[in-house]
Amino acid sequence: MAADEITEALNRIFNADSELYKERGFMRRVGFGKRPAVVNIDLANAWTRPGSPFSCDHMDTVIPSVQKLIETARGHRVPVIYVTTAYQVVDGLATDTGTWARKVPIESLAVGSPEVEIDSRIAPRPDELLITKKRASAFHGTNLSSVLIGAGVDTVIATGVTMAGCVRHTVEDASAEGFRVIVPRECVADRVAGVVEWNLFDLDAKFADVESLDTVLGEIEKLPAGGEARAAA
Amino acid sequence: MAADEITEALNRIFNADSELYKERGFMRRVGFGKRPAVVNIDLANAWTRPGSPFSCDHMDTVIPSVQKLIETARGHRVPVIYVTTAYQVVDGLATDTGTWARKVPIESLAVGSPEVEIDSRIAPRPDELLITKKRASAFHGTNLSSVLIGAGVDTVIATGVTMAGCVRHTVEDASAEGFRVIVPRECVADRVAGVVEWNLFDLDAKFADVESLDTVLGEIEKLPAGGEARAAA
Amino acid sequence: MAADEITEALNRIFNADSELYKERGFMRRVGFGKRPAVVNIDLANAWTRPGSPFSCDHMDTVIPSVQKLIETARGHRVPVIYVTTAYQVVDGLATDTGTWARKVPIESLAVGSPEVEIDSRIAPRPDELLITKKRASAFHGTNLSSVLIGAGVDTVIATGVTMAGCVRHTVEDASAEGFRVIVPRECVADRVAGVVEWNLFDLDAKFADVESLDTVLGEIEKLPAGGEARAAA
Amino acid sequence: MAADEITEALNRIFNADSELYKERGFMRRVGFGKRPAVVNIDLANAWTRPGSPFSCDHMDTVIPSVQKLIETARGHRVPVIYVTTAYQVVDGLATDTGTWARKVPIESLAVGSPEVEIDSRIAPRPDELLITKKRASAFHGTNLSSVLIGAGVDTVIATGVTMAGCVRHTVEDASAEGFRVIVPRECVADRVAGVVEWNLFDLDAKFADVESLDTVLGEIEKLPAGGEARAAA
């Protein structure tokens, strides 16, 4: 099945589904709040470079899109936060891989290895947080929520991979926590066909506003430009 | 687009995707643990009966399947837990609908209304918990994890609706918390086309074992039969 | 040992301890943020009225102090949130009392009973949330954090009982979540001697600013007065 | 005020308080479960060695006691988990110190510094987890709960420092999560007078069993001895 056939088949489903959703009051617009943060999910070498079980497609779109996003964010004092996934103990009486290793090949993601390091093309600055998570969601088992509350954030702009795994779960959790959530379409990807489309569809129906990168950049540019980054608290 | 066309198109995508997933070490089997619990998600009247914005399809399959599941569970001292979604304050300085009401029509789900009551055909017994949640996941903002730990549970059997919303997020969270997760295919549903299929596909690839009801019943029947239900603690 | 002897002995310890704390950089002032909320913990009949295992002392100070606090808060559009503790299933395969019932007599706190209802002298208005918790902390297993994020709150003003149990744990959790925490001294109590004093000491050293009620009222009065309460979101 | 005077004054208070607690059904015994884990809290150089704002007293008792505990645990396949506190960003738009730095001098605890490394006298083995936390509780913003669930743990044996801060909050959270909690008296300490005593008193009344190290060792020795440590899952 060719990529355009898949897209066409899925779009026909989405159109029918959207009609019912709208009729019933779903698919509302959350909108931007006053203080967004960018959360980049798993844009580390295992996912952004070829040759890993985790390698994703469409990095030629995602990397430059995320570059634009974080440059604009930094120019307007919008916090940029990075998340990666890495494990310390995969064999012991108590492990950080845990039961999830029974489902997905996380045993290959070692703390401190180049695989779990953020892609150098979009690397964090020294004053930007890098959070190491153990599960799909950037919120689960991490201090991300506490960081966002401490920084007065009300809106999460989520980017990264994979759409069907870590981005999906992170977006659902961000919404559950009480944040507005925005997903810039050009900034997310995956490694198998179709899953970007159907997960964006589900998220836009129930958890987040899926927007073009241009729309997101435009919203950030409405915020006051800032010089040196300093803590809000 | 007819239902069988949708299924056929999706199955062609799933087959291609599965090949890549298996090659890369995804789609492993989690397997059953020693002490499962059944968690029934949002099987309340707003979802199981017609006439609500939340009404779901395929209740003629889901209700009898869940009936069989909980009967078997009760016969083998497997805890059965119910979850519903209901709100107390939709307009005030601090609400329990919060930002989620900006996306989905939860303002109609009032605490104490018949809509949020569990469907009488599968009603909880007096010694079975009914947890009221505010977000998609049965774990978010609830004591479900604490209840499961207190009961010594290691495996969550998740049923209910909707597949693209509350079941999906609950399964992801259960997996993140460290439980094994099993989804009996006949016990889940939704209200728009395609979403049951693609969400089961994503979950089986990364978060849970999707199994037939018969397989799940067979696993429960291997556990010692029990008489009267009493707390494990 | 008379009450004033206890106080004197404790104060001598606190003075010595404070010197070391200050020398080392503890006991800093957190200060008020821009958007506080009042969280009233367990001010329900089992705690505020005589005759229960949970009955607390000093309600002649606490009740009028909380009355003043919530009146002032309501006049300045500061959200007032109530928390109580109540259980649905104390005997079953999975209970909401869980292992905590092995330590404290929570089996007597039934959902829907007058004991767990908020004291009528400080009752919630219809547009104010009442959250039912199962553990000491008002954050644990509840949606309180999500409610506060949704309402844009940055500061938690904590009142109620008991100081050594639910107030202490709630304050620690509020601080961990990233909120500033303020405890008005006249608004907290307990049922045994000494514990109010030493828990306020610990909290002020490490987790919250313990302030006089007058100071707290003064800070709230700096906020713009508001008419009708409406959601911030 | 001399140490023995403090102890005597506190003991007189505790005795009076205990009478009322017991009369009302508090201070019950939780007891050991079937699968304990040892959680060592902040036994890193900043706390266990002199010269830091965080340095604690009584390490001549705590270190040998924890040595005995972990040796016995390792001999019986009881998981040993370590927790330390360290920060990456203390000045930026979003920091991991956050609002807590407004209260306590955590800005000096840098990720990767010798201060936050576990004391070499009780160092983790390569197959034992070291979790880095950002708040007082070892559960807050970490994957500790998920690790314990994945390892089938039902009982947390908590050691470390400080009693009034990180140990207290961790014990409360462990209890809230649904675990049984045991505190071996010789394995905890603090840096100011009195706080070990009154926090152990509060915890024993409401959250955990405070026991002698000998009692705890005796319980672990009842478990089957094990050779090489291997994951339970």
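Quick notes on this one:
Should a chain be cited, it is by its letter among A, B, C and D, assigned in written order, with residues numbered from 1 in that chain.
Heads up, the rule we're going with is that contacts are C-beta pairs under 8 Å (C-beta built on N, C-alpha and C of every residue); 3 or more make two chains touch, one makes a residue touch a chain.
The shown structure was predicted, so the numbers you read here are calculated from the model rather than taken from an experiment.
The greater number of contacting C-beta pairs, out of the two interfaces C-D and B-D, is seen for C-D. By the residue-number overlap criterion, the interface of subunit A with subunit D counts as same, with over half of its numbers used by both chains.
One simple way to say how far apart two chains are is to compare their mean CA positions; for subunit B and subunit D this gives 36 Å. Computed from the mean C-alpha positions, the centre of subunit C lies at a distance of 25 Å from the centre of subunit D. Among all residues of subunit A, those that touch two or more other chains are 98-99, 102, 135, 140-141, 145-150, 176-179. Chain contact summary for the complex, subunit D toward subunit A: residues 37, 77-81, 88-89, 91-96, 98-99, 101-102, 126-130, 134-135, 140-151, 153, 229-233. Within the complex formed with subunit D, the residues of subunit B that make contact are 145-150, 152, 154, 176-179. Only residues 1, 6, 9-10, 12-13, 16-17, 20-21, 24-31, 53-54, 98-100, 102-105, 135-137, 140-141, 164-165, 168-169, 172-173, 175-180, 191-195, 198-199, 202, 205-208 of subunit B touch subunit A when the two sit together in their complex.
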